[in-house]
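These are the structures in question, set out in turn.
Shared between the two complexes below is subunit A, which has subunit B as its partner in the first and subunit C in the second.
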Partner chain A sequence: MDASSLPSTKGKSYGNRKKIIMRYFNLAYVLPALLLFILFSLLPIIRTVQYSFTNFNGVNSNYQFVGFKNYAAAITDTRWWEAVGNGVIFALLSLVFMNTIALLLSVAANSNIRGGKFYRVVFYIPPILSGIVVGYIWKWIYEPKGLLNGVLRDIGLDQFTHVWLGSIDTALYAVAVSSMWQGVGGSFILFLAGLQGIPKDLYEAASIDGASRSQQLRYITIPSLRKVYTLVNILTILGALGIFNHVYAMTMGGPGYATEVPALRIYREAFTNSNFGMANAFSLIFGIMLFILSLIQLKLSQKKD
Partner chain B sequence: MQSKGTYLFKGITHLSLIVWTVISIFPLVWMVSTSLKQRNEIFTNRSLIPNNAFNLENYKDAWFQGNFNVYTFNSVLYSVIVVVCVVLFASLASYAIARLDMAVKKVIFLGFMATLMIPIPGAFISIYLVVSNLGLANTRIGYILPLIAAALPVSIFILKTFFDEMSRELEEAAIIDGATSFQIYYRLMLPIARPALATIVILNTLSVWNEFMLALVLFSENRLMPIQMGLSVFVGQYTTQYELLMAASTIMVLPVVLVYIAMQKQFIQGITSGAIKG
Partner chain C sequence: MKQHNRVTWRVFIISIILLIGLTGCGGNSKDMTSNEKPTKENTSQENASTTNDTKDVKLVFWHYLNDRHDLLKEMAADFEQKTGIQVDIQLFGGDGFKQKIMASAQNNALPDVMTFAGGAGDLGQLVESGNVMELSDMKDIFGKFPSTILKTFTYDEGNIFGVKKLGTYALPMDTNNIQFVYNTKLFEKAGITSAPTTWEELLADVDKLKAAGIVPFATGIGSWVAGSLAAPYEIAYLGEEKLVNVKKGQEPLMDSGYLNVLKRFEDLYKHGAFAEGIATMDLPTAEQMFVNEEVAMIYDGSWAIGVFNQMNPNFTQYDVFSPPKPADATHDVKIPGGIGVPLVINQHTPNKEAAMQFVRFLVEKEQQQKYASKSFNLPANMEAATSEGGMTPALRNFSLGMNHIIENGGTYPAPSVETVLQKGIQLIAIGQSTPDQVLKEMDTELQKALKEKK
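And now, the complex of A and B:
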């Protein structure tokens, strides 16, 4: 409610005019936020679209419009699609392993167990760290003469030692393990919040009817979690496809391009190859892909309801 | 009545929780352990206990020779300025959107929310271009302003939701007493919104403290860099000084973990509401 809308001793028309003035005067409240938002969030998006049709190199302002040339080059660029493929592998591994571990842990932590709160606090420690620190810690563990190989040698499993981050066969999975290690806690917390919202009497009724624990999990828990599950899946997919910091810290996309991911390719296209036009085309193609993916996920979840 | 199956279930439950606790914490324990070891033992001593316990040389080296005193100062500065500005700008904006009669209110709110729905992972490139067009590349302000802008939509969303759920009685009483809309914001709404503001402070402090990508493209001078970039000083193309890298990592991680443990409730709430967004 606004001061000017209260009964006033002054004339009605005066009150109305004051009200209209206030409507615009109140814009002052949003002005600082709006200015920053337009300048550093909206303008960059417009610029992305604009530059994606040019051969801009980041420095020389005498760039030309090249039409859809960047897009044509981007779509036929196999190295780009391999980077997208690596992102998809991260996403699939995370959906399967990370979220399954997170789901099982949340069921375990929710089962009236002693120390449930303690586990909740501990499991959420990795997610509050930066991807860069997590990347470096795991890089250190994966070093050829580091902890992982050392322990394998100590227990007589020499044949399983690897140059984990330096070999094409293992690098991608090694990076994925570090990002999943960090990500379990985030999915866990959201699953747990979802579990706590399921009414307890559903389980009581089921156990009276003689349903086993695994049946309860299958017929009560999982269906009730559908909404949370969709949210967690969307966040997992977006997070995995957008991964940058872990890869930057651990492999820089190597060996070769074995662990290159879309964000790293976009970064290199702009800052290593000075090809901002192409980088922005990649960026836009990728943004649209992510947007469509999350729309599909949302639609699928609504259909089932 | 406890059946055998129940005991088995409980056992597996306990075991899995304990196993994941170890997995969650071990890499961090290893980080701290490495940071206390000497260069000549980090590859040979695989026990958690350093040969020379309480050797803090690596911390000294990382702090002074590795310039972590500078990076830490920078990160504290960036975090404080960004968070203060976000709290101020987001609370002003969401108060007006939630409570005042304002022109084009819906368009403005939807505009803020739209960037939450449409992720553009390469936006950092165009932000770099906008910042350098303004002549602000490699400056503190050129880093701070985009970070504030990036933090606003989620913060406005959280605060607007909070203001929407508040009852209007106090406000109406204040209006009758002749308070202006700004007085109501400052004396009434801000103090009441303290829990939501705490969420915003935690969420944004953490994200500025952990920010890397924008710093990577904007800064070319070491004296301006935040801590996440400072780490790369210890990473060479062929050799990495892991004992210093782990000491520096511990310096960055320790305050985050301690604050988290002290305020875990607000932390978890903050991050889940940040994740859920729209």
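And now, the complex of A and C:
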């Protein structure tokens, strides 16, 4: 070894050490966020998994390990699958109606209509309200002598008045309308952000080529919004399947099981039946279902791209 | 260098996983310690509090009594004036109060004193987890309450809830019972001169009310009230002993006569007794309809008098009748009732003495008289109950109802059976299910619960 090389080796080693120290130092920046994530997300998930294999009742810590018993009971529970079915109906209705309305509203608000900014604010008011509050407002609207039936009577459509929430034929759809009314603003904002990212030149070129408004919507706007649409769809599915506040405020899952949804069933299992073990098993099964659904949706959109 | 980085990252990730694992696994034993034994910190706080001047103490009191919030604040102010102990009265109205207590108990975040919402089985869970205080230190005032009332939250040897930490864990602030309340003016309008005494008379009255264009009946069938409305008829058809055995699974549900209980709801549906929207109706909605004179009858608790008064102080034309007995029922009808508002003390409160002092204050004669006269609820302290005067007919009849309350209606091995009953009643009330169908579903759920309990 050449003696002259010694200082440079020393320097290299010092530099390496400094880099390592810096790396650890950089980790310190993410540590607070990491700890919060561990404390409030990861740890509860681990506890959920842990409890799902026990007969924990929610308060007594003397619980026993019961293996896959809760999972077996959850999977064979027909009422649970009915609740999932109701959640799927909510999701489908939201995907079709809520997102279509949100898209049309965002296109309208993005065009140079008078008061466009005002509409942007107005459409985003419902999502910032509490779900429980919205649920109670709509409950009042749907009451037998409520606003909706009152309006129908006033305009001479007495034959269409109905017990909206008290009938198994309409309760689910009535709750879905209230949920969509609140959710439309969220999708609207995302679509609007997507629309504002589309270059104006595309529309100008299309317009020079003689494309009509509907053709521009079909061939420029919708294809350009594909990624936003994927995001909106995923959020809509997750939101609709996880619906709780509206159902809790309006029907408590009734009449009978007509509006029972997965989140309400999990809540009931945990806090009414004091069966936290089972509630956690339901939560995990449901969480996995949502994860798979989101993954499928994501893969499908990537395939299209 | 790359190799070194990889090692660093691996060490870091493994440390995080180990940290999570250790925290996750260690939680249980930590819970047990904190729930069953007071921690050093708690103990020292307790000792400190007993020696400290009580004037420094501030108690936190949780309750769910929307209509009595101001009254409780007033009583807390009186207590502070008398003792120097501050009480922060916190209202958590609505049906989720029980859930709030259960969730707070998990984190040892209960207040010093609270009203409890739930049955003896629910409180039993908190007793077993060491969250609530046994009240034998207050034995000197037990004699002030009716013994049957105090029994509700007293766990004796061999109690049906399997509670091993025996003793009394709640004291009553008031008593209550649930009966039919009717609008005397609307009854008169329909040509009905007196309250029905038999089920058949009730159905005849329903027909008369309908004929007069009056909606006969509303109650909170969309919530817990459905089960309470079934309770008098469970006793009437099965009797207390058989009912307890059926609920325990010692006698079959299917041939027990329970079908007759469900058939009474079918009777009401067939006679068109129910108000529109009954299947998802909650009690406050039904109460509002009753006060607005939109319905002639409501099935409600004695606390409703206070609620009606708050909704419309001028609405006084109503009276009370006990659930009428069906001709084919072999037992007397009894009504659900007992402790209206149970007062419970947190086992881990650092202010035990002050908490007991506040509970004693709430149940003493003068406070109970004030509470009864201002809230229209039945006092729990017998000295106050016997000395009260100028009661309205409705309050008097509710008071008399305390002589006919169900002493032991039994408990199903799992609350899910009650849920099936409640949902079933909702569906019968709108003609979407039959008593046979609901009974079968209840039996399936009961068998499942019994199997799980084994």
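Everything that follows uses one rule, which is that the second predicted complex is superposed on the first by the 265 of 305 C-alpha atoms of A that agree within 3 Å, B and C clash if a C-alpha of one lies under 4 Å from a C-alpha of the other, contacts with A are read in each partner's own complex, and residues count from 1 in each chain.
In the analysis below, a contact is a pair of C-beta atoms (placed from the backbone, for glycine too) under 8 Å apart; a residue touches a chain by one contact, two chains touch by 3 or more.
Computed from a predicted structure; not experimentally measured.
Partners subunit B and subunit C, brought together by superposition on subunit A, clash. By the touch criterion stated above, A:Arg47 is placed in contact with subunit B and with subunit C alike.
Using the contact criterion defined above for the overlaid structures, shared-chain residue A:Ala193 touches subunit B, although it does not reach subunit C.
In the superposition on chain A, A:Asn62 makes contact with subunit C only, not with subunit B. Here subunit B and subunit C are compared by how many residues of subunit A each touches, and B touches more. Once the two complexes are overlaid on the shared chain, A:Val122 sits against subunit B while remaining clear of subunit C.
In the superposed model, A:Gly166 makes contact with subunit C only, not with subunit B. When the two complexes are overlaid on their common chain A, residue A:Ser301 makes contact with neither subunit B nor subunit C. Within the superposed three-chain model, A:Arg23 lies in touch with subunit B and with subunit C [touch as defined at top].
Of the two partner chains, neither subunit B nor subunit C is touched by A:Thr230. Shared-chain residue A:Gln216: touches no atom of subunit B or subunit C.
Comparing the two complexes, residues 19, 23-24, 27, 34, 42-43, 47, 58, 143, 145, 267, 271 of subunit A contact subunit B in one case and subunit C in the other. Chain contact summary for the complex, subunit B toward subunit A: residues 5, 9-10, 13-14, 16-17, 20-21, 23-25, 27-28, 30-31, 34, 43, 46, 88-90, 92-93, 95-97, 100-104, 108, 111-112, 115, 117-131, 145-146, 148-150, 152-153, 156, 168, 171-172, 175-176, 180-181, 185, 206, 209-210, 212-213, 216-217, 228, 231, 235, 240, 242, 245-246, 249, 252-253, 256-257, 260-261, 264, 267-268, 271-272, 275-276. In the complex of the two chains, the subunit C residues touching subunit A come out as 1, 4-5, 8, 12, 16, 19-20, 23-24, 27-28, 31-32, 35, 98-99, 102-103, 105-106, 122, 125-126, 128-129, 131, 222-223, 275-282, 285, 294, 414-416, 419, 423-424, 426-427, 430, 432-433.
Those residues of subunit A that touch subunit B in the shared complex are 1-3, 5-6, 19, 22-24, 26-27, 29-30, 32-34, 36-37, 39-45, 47-48, 51, 58, 101, 104-105, 108-109, 111, 113, 115, 119-134, 136-141, 143, 145-147, 150-151, 154, 181, 184-186, 189-190, 193, 212-213, 231, 235, 238, 241-242, 244-245, 248-249, 262-263, 266-267, 270-271, 276, 279-280, 282-284, 286-287, 290-291, 294. Those residues of subunit A lying in contact with subunit C across their complex are 16, 19-20, 23-24, 27, 34, 38, 42-43, 46-47, 50, 57-62, 143-145, 163, 165-168, 171, 250-257, 267-268, 271-275.
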